[in-house]
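Across the two complexes that follow, chain A remains constant while its partner is chain B and subsequently chain C.
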Partner chain A sequence: MLSPVTTLSIDAARPPLLSVTGLTKDFSSGGRLFRAVDDISLQIPQGGVLGIVGESGSGKSTVARLVMRLIEPTAGTILLDGEDLSAKSGESLRLIRRHMQIVFQNPHSALNPRHTIHDAIAEPFLVQTTIRGLELERRVEALLDIVSLPKAFKYRYPHELSGGQKQRICIARAVALEPRLLVLDEPTSALDVSVQAQIITFLQELRDRLNLTYLFISHNLAVVRYLCDRVIVMNQGKMVEEGVTDAIFANPSNSYTRQLIDSIPRLPQRNLVY
Partner chain B sequence: MSSIDMPAVAPEIPGFRERHASTIRQWRLYAHLFAGSFSSMLGLGLVVLFLVLAIFGPVLAPYPEDTLGAVKLGQRLLGPSFAHPFGTDEMGADILSRVIVGARTSLWIGLVITGIGAAVGVPLGIIAGYKDGIVRAVIMRITDLFLSVPGLALALSIVAALGPGIMNCVIALSIVWWPGYVRLVQAKTLSVKEELYVESARALGARTPWILWHHILPNCMTPIVVKASMDMGMAILSAASLGFIGLGAKPPHPEWGAMISVARTYMPDWWWYSAFPGLAIFLTVLGFNLLGDGLRDILDPRSRGR
Partner chain C sequence: MTALLTIQDYRLDIPTFDGALKVLDGIDLALDQGETLGIVGESGCGKTVLARSILGIGPAKGKRVSGSMTFDSVELDHLDEAGWRRIRGVKISMIFQDPMTYLNPLFTIGRQLSDVVVAHKRAKGERLPSRAEQRKRCHALLDQVQIRDFERVVDSYPHQLSGGMRQRVLIAMALAGEPQLLIADEPTTALDVTIQAQILDLLRDLVDRLGLTVVMISHDVGAIAAIARRVAVMYAGVVVEQGMTNDILTQPRHPYTQGLLAALPDIEGGHQVLESIPGTIPNLIHPPSGCRFHPRCPRATEICTAQKPVARNIGADHVVACHHALD
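Up next is the complex of A and B:
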């Protein structure tokens, strides 16, 4: 069983690394507007881990894509280290992307099937830096080392790897440029349970090692409880509860949150009264 | 911020075989699957035969001078024999020699038409598929315009305007050939661009040309290769059709369509005159089609096992 970690003391004097205010996204389908994300505000301090939980369709993945500026917000501002991301476009947005990266839910489709693992890990350097040649090889090998995969994997194709190995490659790609913010969009939900624990432990180690800040999106409450300092609970695009992880798990104030927590499967308690 | 540690030793680059082991394995599998299909191998055999004739034609032809318009009135319209396996034509020229040398013209026509068609159509298709709005609308409406006119009829009017000749025939067919590639590649791009790895590349900050070249194009290659292979046959057939109605190659230039065109007045008594060039067209088109089918079967796993 995963055990909760003690929350980090948050340095109130420093401005948060990520600060989102009033984030809203409307999708139109068949002429009708559908509000997928409704007035979400959140802050993550440097080095912190914020979890977003909610059931499928609650808009949590849309928040991830909005924060990454992969889709355009309808309203709201996104500040990364004080810089307004929502005002950026074109080349200035492209350049700031190296400071924020995302790991997607499904590692099986997040890697180009025509590219070797080497190509996949080298891509961040090729698009964002001028690192080439032997130095590039060194970086690729160092990243494979960080995600604990053998160097020989460089010359393999994604279909020759397991789901957990592919997700490690995706993480290697995401941390290649040493981003400040890493958005994890249900990084383990497409993987086997045994591999899930491996990846979560690994993400925890990686955060300590590279001093990363996580926005962790999941519907797996046990994982959120283990990894996150603070949690946002989302339902139907709205934020229904926000607070320190332990406080929310111990004493949920919202009925929806209570439902979510009660739905965590538990082993039946054996009755020891004779 | 802590940095990713660099190993002190320089990375060693292994040999070619180790580096490309996966690729080699994949090609072995392709070769194995391809060799297991009789029709694919027949197609490959016919295409290879055609290529050999096209490349070494003038050396292989038993009477090379007959392909340049030699007149030997003493041996007009002889039937198939040991000296002339395919018979002779109304000028006394050896039909086998002319069919062999005609392969080069056909190969050249097929390559140029398919090449120009793909070179124009594939970039337009990728752009139309990746971009939304006005860019896509303009490209696709022009494509629809071309596709709504029967290709050969349009080519006919273009050749009629430019004047007959192989060069004009190739230009006309190239003009009508590219829209098919736009359609095919646009449809494929629409599905590939929704893939997570394209979004992942955007999140890395890759520029649009990078994404098109490294992610979209390689994943669109399978249908392009298959269509190009089949189009080689169709382009050769179309050029022969234009030659047949007298708008392509002119006699005495050895071109299969033009040969049949002259030979039709000698039917049915001197059947060999039109039958052998016709057989050459038939086998070439069949070969490229079977090859295309075979390539589709090995490159597209969903059609495998049928």
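Up next is the complex of A and C:
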């Protein structure tokens, strides 16, 4: 078992690992411009977990893709550990990509059905490193171990795994190169709640073990409250509220945030006898 | 009072190349007129198969092994197509998870709603309504689901409406035949949380105003708690626990129910420790012997592997199927 969750000391003097300023993205549809992300700024310290919540169409996934440079911003700067991502292209962009990885919402479509689990996990090493042969095998097996799956899984194909197992593979692949920033775009939305609990607990342990920094995108406010230190609420591309998670949930200052929180059906207070 | 819907020892297999999937294993449920029942469970537990079987639209290859379903003194299992036409939409209606896919993109809302209105009149052998009467009926139906801008909506195509509006239209269609029982299969799962709250409000309002009996299926315990007075928890084709929603959510007695609730992060904060249920849901071609939950159950003993637990009363309207129910 892993060590219990510890509070990370966040060094205030260090520059934030991720610093985004004035991020804006326009999409054109039918000749008209649509502003999906409108002047978003955010910072995540090393080891921090920032959540972005919002409803569908709020632009939260677009922020994730912009931060990963999967799409090009219309305006704004993205600094990863002080380095300007938006200025990079070609080889220098490829080199910095190993420090930031993303896990997508739907594990069923994120893995190539014709590749074995071994191939899926080995791919980042083949692209980014010179690790091959026995050492590569050792790494793949170690990663399966990190995500608590048996080594024999490397011979399997994605269709032989459950949704939760596939998402673990996606996480294993994302942390393969020991990135500094992990962007998680709705990583549990396609999963059942008991599996969601496994993945969330696992993400917490992983953060502590590898000192990871998370940008966690979700529409599930309860999950965000559980996992994130700070949270940003987005609505129609704009940031409507930002702050320490508990403070925002306990005392939302924005009316939209309040509406969002009030919309969640409450359960009668549980008396669990664990 | 006799129950409106009674399901007794219902077993359903689906034959596959690898053997029969034992998807429902002895379901017992009873539902009174005006009752709201929630069926909660994770994917693959059989909740949708069960709901669709009530309407005779279960899996095409599904084979009933035993048991019966009775609605308003009608044996549902022996109905022919003509018999089903007197039930579907008239006595029992259903709304589905994804409001995007159940409307025809090529026809206006008014046209599709009118079709349903006319079809019900025809099925009852009544005089078919004129265009003006159809429009009036559509107006009343959309009004019932709290769509106020009738003129705009009735001439819209599905893509011009939001997800929440489309779900309202589907609810209006389901109500067109004035059914006694509405089956709602994950009615809010595809919707945003603020829209979900509106649809849950609407369903509650319909229950109060029309005295509608509702079976709501969801994996979302919160949505179930918002609608259902009673709840049945399903696991791997078995109802493991049922009773009053409030009792079950505050005092779960089956280890699976308790595990499910402990896996939910609490929106109210309070730094709980998330518990997850170890293992994965079983393969239903070769389900575990005895209690189907035993391989994942922290309380399992020898008897659990040998003997299927019989559902037993453990309190006023609280039934649990477990050898070692929690206190």
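Please note the rule applied: the second predicted complex is superposed on the first by the 257 of 274 C-alpha atoms of A that agree within 3 Å, B and C clash if a C-alpha of one lies under 4 Å from a C-alpha of the other, contacts with A are read in each partner's own complex, and residues count from 1 in each chain.
Simple rule for what comes next: contacts are C-beta pairs under 8 Å (C-beta built on N, C-alpha and C of every residue); 3 or more make two chains touch, one makes a residue touch a chain.
Since the structure is predicted, the reported quantities are computational estimates derived from the model, not experimental observations.
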Fit-or-clash call for chain B and chain C when the two complexes are aligned on chain A: fit
First (chain B), second (chain C), both or neither touched by A:Arg98: first
Touching partner for A:Asn211 - first (chain B), second (chain C), both, neither: first
Chain B versus chain C as contact partner of A:Glu72, first or second or both or neither: neither
Which superposed partner A:Glu178 touches (first chain B, second chain C, both, neither): first
Which superposed partner A:Asp84 touches (first chain B, second chain C, both, neither): neither
Chain B, chain C and vertex chain A (Cα centres) - angle in steps of 10°: 80
Chain B and chain C, minimum CA distance [Å, superposed model]: 11
Chain B and chain C footprints on chain A, overlapping residues: none
In the complex with chain A, residue positions of chain C that touch it: 42-43, 192-194, 196-197, 200, 219-223, 225-226, 246, 249-252, 258-269, 274-277, 280-281, 326-327
Partner chain C, residues of chain A touching it in the complex: 55-56, 162, 164-165, 192-198, 200-201, 219-223, 225-226, 246, 249-250, 259-274
Chain A residues touching chain B - in the complex, by the definition given at the top: 68, 70, 94-95, 97-98, 101-102, 104, 106, 109-116, 123-124, 127-128, 134, 137-139, 141-143, 145-146, 151-152, 155-157, 160, 170, 173, 175, 177-178, 180, 209-211
Contacting residues of chain B [partner chain A, same complex]: 1-7, 10-11, 13, 18-22, 26, 195-197, 199-207, 210, 214-215, 218-219
